[in-house]
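What follows is a group of structures, each given as structure tokens.
Two complexes follow with chain A in common, the first pairing it with chain B and the second with chain C.
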Partner chain A sequence: MLSNLGNLLLFLSAFLSLSLIYFSFQCLKESQELIHSKIFQISLVQSTVILACFFTLIAAFIISDFSLINVYQNSHSAKPLLYKISGTWGNHEGSLMLWVIILVIFSFLFLIKNKLHPKKFRLYTLIFQNIIILGFLFFILFNSNPFTSISPVPKEGLGLNPILQDPALAIHPPLLYLGFVGSSIYFSAAMAALITDYSDKSFALSIKNWVLISWVFQTLGILVGSIWAYYELGWGGFWFWDPVENASLLPWFAMTALFHSLIVLEKRNLFYFWVIILCLMTFILSVTGTFLVRSGILNSVHTFASDPGRGIYILSFLSLLIFGSIFLFFKKYCAKNYSINSNSKETFVLINNWFMMFYLLTILIGTLYPIFTDALTDSKISVGPPFYNAVIFPVVVAFLIFMAVGPNTKWIKNRFDNLINLIIIAVVAIAINFAIFYFFKSYTILSNLIIISSLFLIISSLNDLIKSIKKSNIDLARIISHISFGFLVFFIGLNHNFSIERDLNMRVGETKKFHNYQIKFKNLKLKDYDNYKAIIGNLEVENIKLGDKKTLNPEIRIYENPRTLTYEAAIKTNFIKDYYLTMSNIDRSEFYNIKFQKKPMMIWIWISVLFLTLGGFLRIFKNAKNN
Partner chain B sequence: MQRIIKFTFILILIFTIGIFYLSLKKDNNYSTVNLVGKKIHNVKLESFEEDKLFTLEDLKKNNFTLINFWASWCAPCRAEHPILMNLNKTQKLKMVGVNFKDKKKNAESFLNDLGNPYDFIARDELGKQSINFGIYGIPETILINKELLIIKKYVGPLNKQDYYKILEIVSNL
Partner chain C sequence: MKIKIYILTIIFIFNISHIFGKDIDKNLIYKNLRCLVCQGQSISDSNSDFAQTVKLVVNDLIKQGKSEDEIYSFMADKYGEWIVYKPQLNKQNFILWLFPYVILVSGGLIILYQFRKKREKT
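Entry: the complex of A and B
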């Protein structure tokens, strides 16, 4: 029953998309400036239908309707309700539904929120957005249909991967998709702007909040994914330079470059074509990421069961997007000579964009290179953290310094009248840095430079804050975001330099000592839960110097459906450090492998990213108020 | 100039999409099945007992050599051990055991407990030599002939059927 209903709603959505395209073209032929009310109505109905369709699928997961292959493969009646619901988008087919919902809702909201912009621009945006929607609806209907039924109906489902049964993972995909898929709307808007020659600052106004919305959610999505990796994968790190993580970073850099450039387009009417390139690039990179993940070309924790048909479809769609947009871009592109002063805000925004492009290209090459060598020479290589750390981090130093200086420059022509101020800030930053390294004893030139430059950014942003409070002209959004980014790099630097890690083989009852620490393996407990059994270790970590004792309980979990072992890290967080402990059994022995880590300032890394997005949110609200 | 840039840019994109297309058709699970029929090369195995090297020349002396990769810590190796012991009775087959990432003491007590089916035992403490044979987990077993061609390759423990198959191949010549 639900299968028929779901399919019907999907077909209906496709039909509504087609009619939106048809009526938009009809409306374009008319000379009046108003958009027909029926276009608004159809768009609203389309949003309702697609939401209904998604709720149908959620309902199927909640009532465990195993007559749908998708529910059968990804759910189980014994699963907690929250994970039944999140199971809806925890698989390939269901997540595509989430894609389409965001495409449709953004399409509707863009249409009703941009009433002050020309009719032609809005209608073309609607047309392009619906072409993308149709592309994905066809993909769902004919290749990855979540409503495909199965007969005879199985009695029980195959369950969901236990490492995916996690609150962070329940919200990770929706957040990330809001970023990824949200970028579709300014892709469509950029195409529409090219066709209708809408090339002034009002174009910047029409898309700037959309860029920020997608950026904020992309950032949050990446953050939640990292937090999940930190406590679930049991490795103690939060960023692995895994190709799929990289795929989420690529559009993030493009977005970051984009909303900085948009400021220049808005204030100075410059960089129009560059802004268009970034708009097109962001969504193309998002779809490329989707292709790499869904086609099974890359192996990682994110890989869904691969199916070449899927890959071919997304690749064809991607090619269409790329060549369609390039064709239009080259047709409309005319070279403009911008003469901007090398010491002006415009230049500094441009410098930001160069850095973003540098990071983007480095990561793009690192991600694609193994695919290229494998396809061309059959040799398997892997590009990992050593490459990225070596190429990216030294450049971050220069980036942070420009980031500190840039916001204080003036449009058109700037004069550095605050040079002494900057020197004082640099001296303070260097002094704090050496104090840190003096007390904690660890030394590499690069980590010193990173700490100094991040402190330089933090202090000069704080200085800006104080100055702007005096002038009562506060750009709080920018200051918060820049300070948080400084803190983010600062805490990552500290965390990287002052982490302690120890691998131990221990029996129950044993005590081991190292540095200032003593670990006591007190006992083991066995516990039965609804959908898994757990072996829970009871370990006491003591800082001998401070006499501070903490009990940690790492777990080994045995899930039944499907039968899987997972290792749950025990983490004790406080404001200064995290204790991180994992335990795994060693076959046919009474020993357990205990991995202990002390990770300083962990929680501040997460908080910095939260504040980074807070800056984004503030800017969105301020823009909305001004409009 | 602008034309050249446009042209190069489009070419790069077509190339990238082409590569993506090629990669789709590839099986990206690492598999060594296609090694069957290929020649082994670059083999230098260190003997278990004394400072002696075992090379390709030694392998060429035998009509058939069965190279088995094992370790004392590997449970499936224990399971396949009786089959190796039986294979040892075949005169036409020389057997080489490569002790993979293991401690010498443990390996010795393993063989003392279960018997030694090998004519030659080599050690590969770091697991690097085994990679040259296309091994990515143990137990694995390869059967090679005089020309050093890999005739058969078994990933995982040998079973009864494999045993009869090996006997069949060896006795046909």
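Entry: the complex of A and C
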């Protein structure tokens, strides 16, 4: 029953999309400046229908309706309610539904929120957005339909992968999708702007909040994914340069470059075509990411069961987007003579974009290169953390310094009258760095430079804050985001250099010592839970120097549906450091492999990212108030 | 001003002294080797038999006095380049290592070119 209802609603949404495109063209022919109320209504109905469709799917998961293949494959009646619901988007088909919902809702909101902009621009945006919506609806209907039924109806489902049964993972996909699917709306708007020659700063006004919204959610999505990886995957890191992590970073860099450039377009009416390129690029990169993940081309922790049909469909759709946008772009492109001064805010925004493109393209080639070598020379290579660390981190040093200096420059032309100020800040930064490694531990030159430059950014942003409070002209959003980024790099630097890691093989009852630490393996407990059994270790970690004792309880979990073994890390967090401990059994012996890590400043990395997005939110609210 | 120079020099010396006499970091090598039987994990993070064996081999090589890079090439020869997370700098991976710097330099040149255009006009 739900299967029929779902399919009906999907077809209905596709039909509504087609009629939106049709009526938009009709409306474009008319000379009046008003958009028909019909179009608003259809768009609203479309949003309602697609939401209803999604709720139908959620309902199927909640009541465990195994007549749907999708529910059968990804759910189980014994699963907790929260994970039944989050299971809806924890698989390929269901997550595509989430895609379409965001496409549709953004389309509707953009239509009603931009009343001050020309009719032609708004209608073309709607048309392009609906072409994208149709593309995804067809994909869902003919290749990845979550409502496909199965007969005879199975009694029980196969269950959701236990490592996905997690609160962070329940909200990770929706957040991330709001980010990279949200970028579709400024892709459509950019295409519309090209067609209608809407080429001045009011274009910047129409999309700037949308860019920020997608950026904020993209950042939060990445953050939540990273926190999840930290406590769930059990290796104690939070970023592995996994191809899928990279895929989420690529649009992030494009967005970051975009909203900086938008400021220049808005204030100085420059860089129009560059802004358009960035708008187009962001969404294209988002779809590229989806392609790489869903086609199963890349080896990654995120790979769903792969299917060549999906890959081919997304690839064709992606090519259509790329060629369509390139064609339209070059048809409309005309070289404009920008004249900007070497020492001005415009230049520093360009420099921001320069670095963003560097990060973006480096990560892009690192992610794609193994595919090329595999196809061309038949040799498989891995491009992993050492590559990115070696190429990217030295460049971050220069980037942070520009990031500190840039915001203080003025538009058009600037005089460097604050050189002494900068030198003082640099000296303070160096002194703090010196203190850190003098009192704690020394580290490499590169780490020194990174820590110095991040301190430089932090201090000079604080300095800006104090100055702007005096003038009562505070750009709080920018200052918060820049400071947080400085802190982010600073804490990552400390975390990287002051981590301790020990691999021990221990029996129950044993005690081992190293550095200032002593680990006591007290005992093991067996416990039965609703959907899994657990072997819980009881270990005591003691810092001998401080006499501080902590008990940690890592687990080995045995799930029944589907049958899997997972290792749960035990983590003790405080404001200075995390203790991180995992336990795994060694086959055919009474020994357990105990991995202990001390991760300093871990919580501050998360907090920095939260504040980074706080800056974004502040800017969004400020923009909304001004409009 | 003199004090600043002193501080800078001290820091510089501190850093230089750090380059020499650095021990091989076993964990770092584990982290840079892929566990071939797992999904996107390094042998440092994996508990598989394969990872345990490779760890033992690495320990042996360190005892034999091999350098970090020698260990990587040994592994790449034995298991294929797929095992090392740091792609080796050779003919095949040349573009991979060069491309980012080409982007960095050409981006900088494009920005500089903007100013030159401006200067010629005025």
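What we mean here is this: the second predicted complex is superposed on the first by the 627 of 627 C-alpha atoms of A that agree within 3 Å, B and C clash if a C-alpha of one lies under 4 Å from a C-alpha of the other, contacts with A are read in each partner's own complex, and residues count from 1 in each chain.
In this text, a contact is a pair of C-beta atoms (placed from the backbone, for glycine too) under 8 Å apart; a residue touches a chain by one contact, two chains touch by 3 or more.
In this text the structure is predicted, and so the values were computed from the model without any measurement.
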Quick check for you: in the superposed arrangement, does A:N626 touch first (chain B), second (chain C), both or neither? neither
Regarding the shared-chain residue A:I312, is it in contact with chain B (first), chain C (second), both, or neither? first
Once the structures are superposed on A, label A:N593 by its partner contacts, choosing first (chain B), second (chain C), both or neither. second
A:T377 in the overlay: touching chain B, chain C, both, or neither? Say first, second, both or neither. second
Per residue count on chain A, the busier partner among chain B and chain C is C
Taking the superposition as given, does A:P385 touch the first partner, chain B, the second, chain C, both, or neither? second
Does chain B (first) or chain C (second) touch A:S151, or do both, or does neither? neither
Which of the two partners, first being chain B and second being chain C, lies in contact with A:I322: first, second, both, or neither? first
Once the structures are superposed on A, label A:W354 by its partner contacts, choosing first (chain B), second (chain C), both or neither. second
With the touch criterion stated at the top, can you tell me which chain A residues are shared between the chain B interface and the chain C interface? 299, 380, 587
Spell out the residues on chain A that touch chain C in their complex, using ranges where they run on. 233-235, 237, 240, 242, 299-301, 303, 337-342, 347, 350-351, 354, 357-358, 361-362, 365-366, 369, 373, 377, 379-387, 390-391, 395, 427, 430-431, 433-434, 437, 442-445, 448, 501, 503, 567, 584, 586-587, 593
Chain A partner, complex, touching residues on chain B are 2, 6, 9-10, 13, 16-17, 19-26, 28, 30, 73, 75
Considering the complex alone, what residue numbers of chain A touch chain B? 291, 295-297, 299, 308, 311-312, 315, 318-319, 322-323, 326, 330, 335, 368, 371-372, 374-376, 380, 587-588
Which part of chain C faces chain A closely enough to touch in the complex? 4, 7-8, 10-11, 14-15, 18-19, 27, 31-32, 34, 39-42, 44-45, 47, 49, 80-87, 92-93, 95-97, 99-101, 103-104, 107-108, 110-111, 114-115, 117-118, 121
